[in-house]
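Two complexes are shown next, each including subunit A; its partner changes from subunit B in the first to subunit C in the second.
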Partner chain A sequence: MAQTFRVSDLTGIQVRPARLWTHSLSWILFVAGIALYAHFSILRHRDNPEDRVIPSVTQLVQGIKASVLEPAEEDDPLDPGASLMQQVRHSMIWKDTASSARRFFIALLLLVPAILIGLHMAVFPYAGAFFLRFVLFFDKIVALSLLPILFIVFGIDEWSKIMLMVIGVAPTLMLDSYNIAGGVPKEQIVKAFTLKSSNLDVAYRIVLKQVLPQLINSVRLNLKPLALFLFAGEMIASTDGLAYRIAIMRRHMGMDVIIPYLLWVALLLFTLDALLRFTNRRLHPWYQPH
Partner chain B sequence: MVSAALRPVRTIAPHSLPRRTEIELRGVSQSYPAGNKGSKTVLSRLNLKVAAGEFVVVLGETGCGKSTLLRLILGQEFPTEGAIEVDGKPVTCIDARCGYVPQKYSLFPDRTVLGNVMYGPENAKCGYLARFRPSFFAYRRNLRAEAQAYLIRMGLRPQDMDKYPHQLSGGMQQRVAIAQALLMQPPVLLLDEAFSALDPSTRASLHEQLKAVWLESKPTVIFVTHNTSEALLLGTRLILLGRHHEARDGETNLLLDMEIPASQLPHSACVKSREFQDLLEHVKQLAYKSSSLCTDDADADPNVEEGNLG
Partner chain C sequence: MRWFASVRDFPSLKRIYPDRRARGWRIGLAAFRCSFLLTFLGCWSALAAAASSPTFTVGWSVYAGWNPYFYMAKSGILKRWADKYGVVIKVQRFDYAASLDAFVGKNIDACTMTNMEALDMPAAAGVDSTVVIVGDYSNGNDAVLARNNVALAQLPGKPILLVQKTVSEYLLERAMVLNGLDNQLPRLKLLNTSDSDIVGAFLGDKSNQVAVTWKPLVSEILDQDRGVKSLFDSSRIPEEILDLLVVRTDVLKRPDGSGLKFAKAIAGAWYETVAQIAAANAQAISGSAAASGDSVASYKEQLRTTYLYSTPQAAAQFAQGKELKQKMDLVRQFCFRHGLLGQNVQSVDDVAVLYPDGAIQGLKDRVRLRVDASYMQLAAQGKL
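Now for the complex of A and B:
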């Protein structure tokens, strides 16, 4: 029989909230955030109808419309008869998203070797001896402090930003991968050798296959640091990209564009994370997270 | 006296009969660093010859080096002194001469039951590139049928074949682990407390199955256990290890090496027979005496958990 809700349940550990309660509670902070924003926006607009610090809903809609349907100021204006699809394809947000996504995914691809190095460090003792101390030290270097060096070495175009992301996240991913692969029970490795596995079989068919879901989770956790380094690079030296646009809009107090951009970036990262989580579940039905 | 119930059906006298020696340990000692105390000796001057087809059970209290002995035979560790040979060749690394069934983590979690069992024979058959040849697919089909038949004999149901290890009970997992090791037809099978986490009825059923499989293909088995009844039921030879004692440094910690009379009775009946109970009591007393000699613990309770050494 379903138990009735008591206020004391809110602080109970052994309670099992009903599905309706769980869903309702998970949305409260979103609703509260929107309500608070609306409240302060109304207050500010009552004093100054042209206020741009906390834009009103109308201003936000105009900002979104400008971002999604109009080209950036530095681009040529679009033909007035252009279709909706053409408008979107030449819009500010599309162009910025494409530039940032290109940098982001190139960096993500370049991080695959870092994961494999971590795996090798855990499985092959000599690889561990060769890399571990250096990676531990390198991990302590603040990646942003390397930015001037990266600009000197790679110039101020794409590669400096991509390398900043790679250098910023690679040591963490290597150590993560090393720890995860090192956690595979010794019995499994011994067993694999008794079943005529070669060294590479053990590394790739036993250890890598077993830790792949955890490695994907580790990449998921590192999506935000990766975006952080991308934003740092784009804000300092770039001519396009999501962070570049935010930095430009800051100068014009363009909160009506900055806020939709922030939400768009969060949505993109959230979607990518959900996609990785879904893929992980589908590809590894045997995985039992602790 | 050995009655009809425990009448030997097959006499194994490893030291007297001219049988091929499968495993040989000569003066094997193993020590580990123990912080600032120097080192801790776990095995000391162990000499042991195991003939092909023997079922040796290794018994002893916690910390006496049972699992270390297994790791040494397996090639997972190397002795600080002495030499080990398996199948006439020195042990230099872990290889397919020994099948291995640990207490836990015995199956690969990312493979189904069939995937686990077929993994070894597929590896043994060919390398990566050969797996793209049509002949490999034919081989795989035959292997699949063979593995399925083997698993069914081990007590699994056809619907269990495509399950992942986490979907099986502990007993089922160990059945698969034994099948996985035996399908490789290793000359030596090493089981490290393989049944200790199972409930008594599952354990009893696995005893019967392991014994049946052993009688059929006769691999050399080294079975490490805490459980005296299990040891006497399964083995043809019992080895009792004691803890190494610093005061008697240089002495071996192999306390007892005896032949176990075989019984023709089913396990359930054999356990209840008077002869078995007498033998069990005798071994327990021996184990108790030797362990108290080693630990100098006069207050130790000989009646530890039924059938268990500790």
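Now for the complex of A and C:
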């Protein structure tokens, strides 16, 4: 059944756009962004063929090649006969991604207890009384301003960066999981007790089980703050990592490497987010937010 | 009973002021119109002024050798010279990195920078630039600091806090080379640390034994920790870390000649300012100290380790001499070795430097940085 498109549909709520429409509409902004970039890049290169502020496609390709195939400047150069796989394994971007990812996942792991604390705050009144006020206060502390203290306490190596991420994101996650877990109807809990549940049963098998998809979504939303804190830490003091490379490249306007790096980070975050979303759907098919 | 009268009590007035609230509204409207008109007039007159005399913007950042730009603008010296040449010169303070970005992005016409950044930022990015003023060189402002009596030979393997790819790394490399430790260079473990946090990170954690930084951070560290000693400083490599005023070449070459006027005006103003500082004029020194919020004592201490070319004669002579070429060669080789000239630059000669005597360091058709001594010379001859 072919529906004819009318202009008034654009402002309609009760319309079902055809598949072709939704697909083509969703790419318009991407195309506009790329076109805008190309326009300014061409403009600047006409004025100055060596412009580095908005690199051209050839510059970008060269930057990508350098970051994917060549070892970082501070590392030893590879033998000329190295295979492609070896080249990639020893490349700048591989090394930076590995060290950033390590920090990222350690921090993510350390955030699991934060979620559980939030759950306990919501379920156990004494835990709530103990934590809530402090967490509310601590949530408002701008974590970046604590950095000098973190340096002193955790040293300048890995742990200060990881703790910056944890301290920056944990209070938000705690409060969010507190709110989510608090939204479980009281009747259910009472009902569980009448069916001879223990306290821990209620906390973990009634409340946690049904709020878990929401908690995973909360983590998904916090991926970006997490990356932000990781970048802040790496830019301030480090010897490797994605943001370290960006900070170094900025010193001589190496936008031909910075832009591929930014896109790579975006892709990584997108993949992680998609992975969590996918897992969520597989684990909790009953959860249908909309 | 009301003790005050209202418009309503005087019906005849009601014609003029139908309501108190309406009256307030009208006054507000009138004020709004006035302010609108004033803004418009203001904009218009500013536009008119801009149209009649070309405007130039100079970016500067906090550093002992550049703080005088702040005083120069504030004291009216700059305005006097700008008026003489019929141009308008604005002076704007930036963070160092941001000032370079703005210069490369062509948002400002002139900028203060070191010889190293002049090569690896504008010149390497294809923005043809001209050195108009050689202001000073770091004569101890940059230093390699270490605690526990660590010596240069012991540096390999220890984490070294510094802002990588800046003059700090250059200084460290020169320190190693001059002490015959070239072969140890690859074994240095550099820890890129932002200048905003390097003091806290170094002082806060005693396991960090080495840091390379600049003043006033050096003084802060040395003052707060008696166990820290300076292993090497830039007074051992005089004339290598130069602080310059760089103007975009296309600005200088503007067909209406306003760029030349601008360069002359700023050179004239600069040497008048520097002469005051060299003569220890209290106002000039406190005005320059205020630029970075330093105390006069602290600023004087920084000036002691900054070799200011206080006369245009000295600056012009150095710019024309052969030492400059030798020092610049060290710097450009460093930039090339560290990839600062760009990922795709195959040879150090791809970013060439033109000197006042016409000599070119690098490929003839790839001149990107020009040292122009003529403005310093004009100042020396009193012809500005």
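Of note:
Operating definition for what follows: the second predicted complex is superposed on the first by the 287 of 290 C-alpha atoms of A that agree within 3 Å, B and C clash if a C-alpha of one lies under 4 Å from a C-alpha of the other, contacts with A are read in each partner's own complex, and residues count from 1 in each chain.
Keep in mind that, in the parts below, a residue touches a chain if its C-beta (ideal position, glycine included) is under 8 Å from a C-beta of that chain, and two chains touch if they have at least 3 such contacts.
If you're wondering where the values come from, they're calculated on a predicted model, not measured in any experiment.
Overlaying the two complexes via subunit A leaves subunit B and subunit C side by side, clear of any clash. Once the two complexes are laid over each other on the shared chain, residue contacts for A:195 go to subunit B alone; subunit C is not touched.
Once chain A of one complex is fitted onto chain A of the other, the partner contacts of A:152 are limited to subunit C, with no touch recorded for subunit B. When the two complexes are overlaid on their common chain A, residue A:68 makes contact with neither subunit B nor subunit C. Once the two complexes are overlaid on the shared chain, A:284 sits against subunit B while remaining clear of subunit C.
By the touch criterion stated above, A:185 is placed in contact with subunit B alone, subunit C being left untouched. Seen from the CA centre of subunit A, the centres of subunit B and subunit C span an angle of about 140°, rounded to a multiple of 10.
A simple residue count on subunit A separates subunit B from subunit C, and the partner touching more is C.
Of the two partner chains, neither subunit B nor subunit C is touched by A:144. Between subunit B and subunit C the least C-alpha distance in the superposed model amounts to 37 Å.
Subunit A has no residue lying at the interface with subunit B in one structure and with subunit C in the other. Residues 97, 101, 104-105, 120-121, 124-127, 159, 161, 164-166, 186, 189-194, 196-197, 200-201, 204-205, 207-208, 338-344 of subunit C are the ones touching subunit A in the complex.
Contact residues of subunit A toward subunit B in the complex are 185-188, 190-197, 201, 206, 209-210, 284-288.
Residue ranges on subunit B touching subunit A, taken from their complex, read 74, 76, 93-96, 98-100, 102, 104-106, 108-111, 119-120, 123-124, 164-166, 180-181, 184, 186. Put simply, subunit A touches subunit C in their complex at residues 48-53, 59, 62-63, 66, 73-74, 76, 147-148, 151-152, 155-156, 235-239, 244, 247-248, 250-254, 256-257.
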